[in-house]
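What follows is a set of notes on a single structure, which appears directly below.
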Amino acid sequence: MSGEKDLEQLKKEAAAKAKAAALAKMKEKEQVESKEETAAADLDIAKQKAAAAAKAKAAALAKMKEKEQVESKEETVAADLDIAKQKAAAAAKAKAAVLAKMKEKEQVESKEETAAADLDIAKQKAAAAAKAKAAALAKMKEKEQVESKEETAAADLDIAKQKAAAAAKAKAAAAAKAKAAALAKQSDAAGDDEKAKAIAAAKAKAAAAAKAKAVASAKAGGGAGDDEKAKAIAAAKAKAAAAAAAKAKAAGGKVEAEPAEESKPSPNQPYLDKYVKVIEENLGQDVLEDYYINSLSKDVPTLVAKRESYFKVAEFLKYNEQLGFDYLSEIHGTDFETHMEVYVHLYSYRNRQSVALKVKIDRNEPTIESLQPLWAGADWPECEAYDLLGIRFTGHPNLHRIMLGEEWVGHPLRKDYEPYDVEV
Amino acid sequence: MLGLAKGLSYTLKNLTRKKVTYDYPNEPLPVPDRFRGIQKFYPEKCIVCNQCANICPTECIQLTGKKHPDPNKKGKIIDTYDINFEICILCDLCTEVCPTEAIIMTNNFELAEYSRDELFKNLEWLDENDENIRKVNKA
Amino acid sequence: MIRTEEMLLNVGPQHPSTHGVFRLVVKIDGEIITEAKPVIGYLHRGTEKLAENLQYTQIIPYTDRMDYLSAMTNNYVICHAVETMMGIEIPERAEYLRVMAMELGRVASHLVSWGTFLLDLGATSPFIFAFREREMIINMLNELSGARLTFNYMRVGGVKWDAPEGWVEKVKEFIPYMREQLVGYHQLVTGNEIFMNRVKGVGVYSKEDAINYSLSGPTLRCTGVKWDLRKDEPYSIYDRFDFNVVTREEGDAWARYHVRLEEIEESLKILEQAVEQFPAEGEILAKVPKIIKAPKGEAFVRIESPRGEIGCYIASDGKKEPYRLKFRRPSFYNLQILPKLLKGENMANMIAILGGIDIVLGEVDG
Amino acid sequence: MVEDLLHSSAGWLNFGIFFLLAVVLLLVVLGFVTYAILAERKVMGYMQMRHGPNQVGGRWGLLQTVADVLKLLLKEDVIPKLADRPLFIIAPVIAFAPAFMVLATIPFTDKFQFADIGVGLLYYIAVSGITTVGIVTGAWASNNKYALLGGMRAAAQMISYEIPLIMSVVGVVLLSGSLNLNDIVEAQKNGWFIVWQPIGFIVFFIAAVAELNRVPFDLPEAESELIAGFHIEYSGFRWAFFMLAEYVYFFAMAALITVLFLGGWLPLPFLGFIPGAVWFALKFTAVVFILLWFRSTFPRVRADQLMEFGWKVLLPIALANIFLTALIMELVKLF
């Protein structure tokens, strides 16, 4: 409660507007967590003094830019640039988040700790830049998009400035570690309290920061794996560190998949090796983009085909003597915002083995060969993917909007779908 | 022909068997204690934690709280509490998350109304819905 | 000069034998179908889209409404997918409760399938008899979960409720009763010459066709493919039970009818063993975080529902809501073969074939 | 009584008497239909382990059908826009009138009969065929594809089963030596024709069920295939007419079977003290019950199998039955 006076002071100085916004936000149920993360990430950013960092980040963000997100993105970029120049903005923002959090009953104790710490920082800094804060608040409200963006951005910055991001920056490390811990140790029940505790603990332990940093960057590598371009930047520098971290549980990214196998070989590894060997022998080295064991999905061997060789691979999987995947269990598409993905789950009754085949396709021009000529069972599911995601399957005999009808506007499972209403 | 005769003998035997139907509107349908019916709400127990409104998959619960009238006491008390039974699917999640068992299920399931508006139940109605209250609410 | 003309006939979406809002546009020459085009989507509720904004716990009630005749398996598949991703071990008692609930659901589902199939063929009584037994199952599941159809019983990590007092005994008593009734079913229907003429050789497809068209469940096993995920890719605790995978070779409506009825018997066998092995006490919910978050990545699991292979694909970005949720809905896949089967059949066979595939429209349309 | 009237001179008085009698019979028939429907629902209910109607008219639901009929009378009369209006209106009448006409020849007891005509049996079969015309007319006039399919099925079924129906009674006619229904009953004094003509009875019974469009031969209105078949577009009282025709035929056919094969009003040996009317009612009820029993047990036959069965099984058997009967009669005469 030592920060009580300071709190009053700061309310006058900096948080007059932020408080109102923060109070309104309190009622938004799921945002606390993302706010924390955002705040932490912003703190991290705020500590970067070089303008070059902001530039690099802006570039990274620009790469991810999707057409529908332009507006919010511009806000974000602007905000980040400001932040990079001024420490105060981020601190105020963090405080706003902290104030919001304070009202949450369960977390009072740990949060007050955090608040006190934050206030110290906040005091050092000049009066809050109202404009930057407003932009930041707006950003906070867009939880999903912003969060992922921030993650990547923060990660990029970390990598770019690995030297600059010294262990002394306890706050950034703590936040990163908390985040990493939450994501990596899901099964260990990383509740909100625990995370808050982690922040406090990490603050005290500056030594742990270096390690947390490594984890964070490793994770960044994993996160970036979804993004082709970010991967190019991140993977180059962080790959070695990422492999060392070997967070098998964050194995969504391909980067970690192979090291994970080394640590614990999957029972299905021989099958994967066999499939890859047979495919590469017959179709050449460059038909597969990637292959790995998906340890989250009952160790199913997963092949990622290249866009142009997708049909060839599928055909081969069905007709090759050694593979013989005669049963199509499932085919569907997913909109990953940076790209579309078609997921095919095949099964061979002859060999009693499954395989998952994936292919990434361009989101703006989602066209792919139909598997209907190979497996008649792909007929309707492909229509469904066309209907709900807008993926066009060339060579499909009767591609129609199977669920919604031809007159429906838009493809609902796309992440940028807006319901069309004639009356509006 | 044998198969036909077998079938005939089976149906003939059923003529005298015990009837299995319920005399439903005349006699209330027996339902087990766990049965999920229309909610009952205890305003005095509610601490306005919003968990029920957050967990509701159909977002049919709306509630507002107000400051506690007694200035010495902290926290909030419930001001309005509405459940829209047009979209409520009686999934039981609200009672599952409620920390004080302020909202619980009853075994009443008859909810037919002549107007859709009447399916919008407010705090008073939910408070008065106090028959056949479920005995066990948490596993 | 007699001129014949093909008629375009709309069967459904409101038709007593389409088992829901399913429409079939058939071109008929007299009563012979020359072309059939199924039209679906009348019951599409966008479960997958809705799920993107719901927590995993909140999705479970939605799955109840997909295959509403065996909601337990739907509950299971989503929980199973999340549990697989998070690597949660389920307590033994919860596993047994799940298995018993699912197998009771399977019996109930096959009973409805049996009753409605015969109702489609014009026999009214079997439907009522099937519902008599189903009512007992539903009452049991009602006692267990608190609802008759939309159970919302399973949770990630276990089940919501423990078995009430005396429930396991009720299940135990039900098993011999159901066996006795099955004998009656065979007496009433199976040997009936009219029935046999209606179903034998109707809607035949080969093993290759069945696999090619991604059929699963009884529609696949009726062609002689010995494939049951409970046996071949055991999930839950199915590897502890001794039961057979029922297959037939004919691939017609008659074979499907038999596979379903015999599967009831196999389910009863599983139930019998589950009741025997049921642990006297134990946890029913594993230690799971309060807010369930699947780790970043993706998973696809499939299990055996009464209608076939029900699968669940989750792509997660580590949040409490799935990034993408997709159900592999067996009825949707099974129905694809319909246009092929209907070509050249007459109206009466159309009903028999459709009834034999046993679709649930909530599942077809998602 | 009726006999005298038939031979008396035509006049308003006689016409009035006839008219009155006809109305009485109509009411009796309507009463029968009312309770036949109730009986059907009750029997089916009991066989399916439920109660059937039990709300209107006491716990037996005695007024249920009355309430249903009242409801039908009060319903809006809907005629589809694209229907053939005159035919649509007249079809239920064409379907119903013959059903009532055939009742005239049925001898309920030795005294109670409206028209004792020499070719009673032929009259019955000939007139009953007209109903199908009404059904086809209604089906066609509805301008609905399901109705059309149902109507076509009805026509095909009538043609296929009318022939075995007639052929199977030829044996009875040979034995009794008359087409007059009274004479046929009298000829059964030495034993019912179900005993002398078992094959004929079975063929006749099956064909009769098919003629009645009842389960397992209810193809024209196959609920699960054609939804309601020929009367899909009919509602209210027009629909009631079709139902009425169906149940009056049900009544007539049960009566005819009683007369032809079960000895009409004749009592069982040593039980002659019970009046003929009671005997007739008992036998008649037994036939009705069997038909209802069928309904709650059997699935529906498929259209092509129905045709095959009629032409390839029933007709040859019926012809063989005639031959066999004639042969045995000749042999009996020889010795």
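Chains here go by letter, A, B, C and D, matching the order in which they are written, and residues are numbered from 1 within each.
Criterion: contacts are C-beta pairs under 8 Å (C-beta built on N, C-alpha and C of every residue); 3 or more make two chains touch, one makes a residue touch a chain.
Everything numeric here is computed off the predicted structure, so don't read it as measured data.
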Centrality ranking, top chain (CA atoms only): C
Chain whose mean Cα position lies farthest from subunit D: A
C-D compared against B-D, more contacting pairs: C-D
Chain centre separation in whole Å, for subunit D relative to subunit C (CA means): 44
Inter-chain centre distance, subunit A versus subunit D - centres from mean C-alpha coordinates, in Å: 76
Between subunit D and subunit B, distance of the C-alpha-averaged centres to the nearest whole Å: 53
Rounded Å distance between subunit A and subunit B, as computed from the means of their C-alpha atoms: 39
Multi-partner residues of subunit C (each touching 2 or more other chains): 125, 132, 188-189, 192, 194-195
Two or more partner chains touched - positions in subunit D: 47-50, 296-298
Multi-partner residues of subunit B (each touching 2 or more other chains): 4, 7, 10-11, 14, 20
Residues of subunit D that touch subunit B when the two form their complex: 43, 46-51, 293-294, 296-298
Of all residues in subunit C, those that touch subunit A in their complex: 40-41, 44, 46, 48-49, 84-88, 209, 211-215, 225, 227, 232, 287-291, 293-302, 309, 311, 313, 315-320, 323-324, 326, 328, 332-333, 335-337, 365-366
Footprint of subunit C on subunit D - complex, ascending: 44, 47-50, 145-146, 149, 152, 215-216, 218-219, 222-227, 295-305
Contact set on subunit C toward subunit B in their complex: 54-55, 57-62, 125, 132, 135, 139, 142-147, 150, 152, 159-162, 164, 184, 187-196, 284-285
Complex interface listing, subunit A residues touching subunit C: 30, 144, 148, 183, 186-187, 189-191, 222-223, 249-253, 294, 296-298, 300, 326-330, 332, 334-336, 343, 345, 349, 352, 356, 375-381, 384, 388, 402-405, 412-413
